[in-house]
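There are structures below to look over.
You will see subunit A twice below: alongside subunit B first, and alongside subunit C after that.
Let's look at the complex of A and B:
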């Protein structure tokens, strides 16, 4: 049962009526997609609770932290080096970008053929629907694609925006650029918080975030068991929540859930008897974008891996924590983030290798590639992905869609036909 | 023993009854209308204990509505692959242009689906496009293909969007272009799009053309121009999905497979 946060939302100057209807839709959506599942693990109650309080308790925590002088930094991309934010005792949260909200306001300032994710975060901000956004002392953008790059210019009129330049290649000179950007970001965070980042607090932050990555890696290892012990959409949800919950609490709670999954595996219990194992690959699915995973898992398949920014792209690599000096730690951060295999890079052979390797390890019968409409980098790369997978003898279905529900029936047919084909 | 396949499409509903004792099969077809369940009630009246498999975009609706009949479902992609694979064992490619979907399906030598491609939410390049344009040119849909074949030159329509193509057609009319030529241009547009889909999946001959639009003489002619003898137009092209569904139903109840190309059902279901 969600608590009463009206006064806080009013103080944050949200559009209260529109926000209330958004939460209502979200609640219903969550009920249909998540709470209707049979035999879920007890540990998922924590996630159900976090979700029921999605714009409540966590936002309240942020307000309390702000009262104590801590700063809140909002982000949209796994490229922003979180460790620096936490080192300076600021709080990092991923911002709302997964729902069709404020579209009318967004389309006033954005071309119609903009991807749903960009439209969503601009819409959330312009329509005052995201309490996380309204709590931010700094919003960090990045130059991963043209759409985002230019959208931040528009967003800058409405929020304190800082943009990081992400290189497009991975040569020595690109590493230099990225290193300079990481250091520039460090200074920006120090200026924002008034706290110096040193070896002691950065070392702690690296361990804090690595721990969270480790628990998600453990979850990914466990969920790969056969029979599948947890639904793909539950794992997606956990990944989504990792972007805005308190890292230490999240690590502990997901650790407890992993213990339960282990017990379930030893009992030989699964969630989807006879379902075909598939893997998702492609664009990020920000909360509450559960459309495609739900469709897949209602079509006789189960998702056992997400090759995505809200998935393994965010958790695969740890930051080397062996460095003793500030410089060594900063270098470790530079290297760790430059390993991200986002489609914004050229060439991006690592991603193809990762996908094939993951599909083999997870023993999936097929891969469903998810592209957001108008996302050029992932749309173009899906051709190469299909080629690499087909050489490995793994079938792929390419899906391009957005957050609207109008194409659900067509998608269902395609997904079902794919499942029939690979079964 | 008999099994039934029913294909609930956006424009028509087809039913196939396969007698597994004799291998004979027959088909029936009704328009979908705005009340597809009522149409299905007519087609399924008298079914009792017979295995029924539904396909087409209304498959779930029918399975839920007639829950007592325990209807199983299969996608139209699998159904068309099954149906065409049975009727034309040499087929390596199925092109199915229906009322609101266009599908290209690559088949293995054993008739299994290897790969498929389907138009997205937009109805460009489907039967709906032709229906819309036939209405705009005030030509009955059934004769739209023949009408277009009366063209004396080929004008180009660039837009595949139904709305934009209509305004392109309107401006061609305003320039005094013969309506037959415009109709030809519209058919060319649809065929170009279908050929692009075929190329994406990687054309392997022979291609069997099925679905309601295979009745259209102009689309057939234009496809023949590009694919030559490797294009085979299915007999009763819109029944292949329902036949495929019946075949899928028959998998679990062994008996004789359908022989020949079927005939129209000649009366109430119990006489099939």
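Let's look at the complex of A and C:
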């Protein structure tokens, strides 16, 4: 950590010793997985800096914003319409959910058979390890899966929790329910901030977030180049950082990076010469969950796409910005978020089509489906994914794991065998 | 099996050898757990007969009804509004989901980390072991949990599946969604049967199903007597049979049993002298899942209530029968089913209140919370149940298990220790 943020972390009532250990492990892990890469693009320095200050400068910015009366809204899911948060001049951040640090505390209130992501965010809160969580004026959950839906009831004893209901189908009645939920959320944000959301500020927020989506779409398009110009773990990191850095700054910095990538492509340069192109599909990978991409990219393959919430599921669709009235903009938000192809929907044919389409566009040799242990929606849907890929002639390897390092050798063996098979 | 139904089972394309083994095990199990009880009420002969003919006479009735043009609708959940099925002169049956028989087949298409109930019904279908399933013209699923929601997508490759969406909250927009779903289901049943549902036949169906609920309510009230007049496993069986026997016959037979119970109470007689009164709460127990009640009642306790879908959750609420128009009746159905306090809702405070209220009315010394392994909604909610019971001064034991017999000794030790503690 370049900066000294001890006083701030103390004010936020973090468990300072445990937090220091966490940052130490994270720094070491980042060095091994990221800084060890050869010939990285200069634009990645922005990401390295953001990561080196992960619980520092950005949290300091949040504190300064709070002093000026702005509110901080924490989220765990791509369904929360962040345009409404930014429109009311509040700040949205994705909360820490990618490390094991608080598991022991989480298992006192959650079943052991709970996915690592849920244990992680409950554990981070109960163990006072996440300065983002401690900065939140509101924490917004959603009903995307049984585990999160019920965990928020328990989390509500410890934090100001608001839950959005996500429909489970995409019929007319579901759109109506979702429309009511988007409007209820708008009111909640207006009440939290004391600011009315209107066509002017919502229009600005839609453009702000669309710009961030556009730059990530551009990045993903550039990866279709052969050889691919950037490692999968670097792009995963960029997606992860998109959830908590300032959106305008992020868009500018990733835009600069894309310029460098274009130049690199025009020189015919890539990363990982001769590596087998694969795509990841499935559960989200929150910081610092870099285990599987690192294993894959240490096994003769390169990841060229992430069909995931921390990936294309969050960036594929723009919010229509042509509406002039508040109503038209709210409807555009309703429609945009209902297009998300999360496994929480039944049926969810769109996702299968998206996966096959992406695999073809990115010219991958195979797909690695990533499931968090005990994530029922994605585990069950992987059966349909394998069917769809098989019909398209694309091999799939299904991996189920959590945040522990115990299975690393076993996973490496399986990944290497798969890469060898599809080479 | 008293009757000879081989020809019928062959016509239904059952796996005859595997099915014969299943029935043999079931008969043995039933003898050990049920017929071994001392001084049972004469009225239980009806249940013994129904069980002895579990895949025989009732299935034969269904076949005869089908020959006359009636349709058979299979379900897995108390959310499916059966009044609509009976109104259209179709027959609703709860499908087999309480035995391990088809697990090996199920695990080829489902993750191993799937609850036993889901594995069971998928396995019964894939292994051709359930004559009810094979008799169905329509199988109706619902979105109560991630596991079922996604398993129906896989089951739909093998059976005519229709899925109802169950809301996850109880706001105005949820009632609207549920109202749309009830009407969509009405249309589906009308299309299936070719019969219009109108105020006359729906009114009759509401009375038919309310009568069945009333007789089960009466049975549950009688169990409040001290000493309690009937074993918990007998009442569990009655609840289980309520899902698939003819409703009018069931109501009459259980009414006669209740008369006998009243006489028994007036003589001051009970079952299990000196046994500790406990209540079960949690996941449903489908036939022949009698493991836990049997263990409890072999450990110096008697079960006097089941807070479960195969229990009070299915019988607590009547459908208002005062409406005269079809619209009024449909609205009454919408309201009745939305009162169900399933753990699929968030929050679900009603359930906590119901459990404490029931425990007090039944004068229990403790509650045993039953969770099926990998059932996330009930596992997570058990944390809140324990909090609520603790505040009411009522001890709780949380048990998590599946359909295997491997953990019987371990469970018995835990149950005995709990019973000793609360005695």
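Everything below uses one rule, namely that the second predicted complex is superposed on the first by the 422 of 423 C-alpha atoms of A that agree within 3 Å, B and C clash if a C-alpha of one lies under 4 Å from a C-alpha of the other, contacts with A are read in each partner's own complex, and residues count from 1 in each chain.
Here is the rule we use: a residue touches a chain if its C-beta (ideal position, glycine included) is under 8 Å from a C-beta of that chain, and two chains touch if they have at least 3 such contacts.
If you're wondering where the values come from, they're calculated on a predicted model, not measured in any experiment.
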When the two structures are overlaid on chain A, which partner does A:414 contact: first (subunit B), second (subunit C), both, or neither? first
Looking at subunit A, does subunit B or subunit C touch a larger number of its residues? C
Touch check for A:395: first (subunit B), second (subunit C), both, or neither? first
Determine, under the contact definition given at the top, whether A:343 touches first (subunit B), second (subunit C), both, or neither. second
Have a look at where A:406 lands relative to subunit B and subunit C in the superposition and call it first, second, both or neither. first
Once the two structures are superposed, pull the subunit A residues common to the subunit B and subunit C interfaces. 400
Residue ranges of subunit A in contact with subunit B within the complex: 395, 400, 406-407, 409-410, 413-414, 416-417, 420-421
Subunit A contact footprint on subunit C (complex, rising order): 109-111, 113-114, 143, 145-147, 149-154, 163, 165, 167-169, 171-174, 176-177, 180-181, 184, 343-344, 346-348, 373-374, 376-377, 379-381, 383-384, 400
Touching residues (chain side subunit B, partner subunit A) in the complex: 57, 74-78, 101, 112-116, 118, 120-121
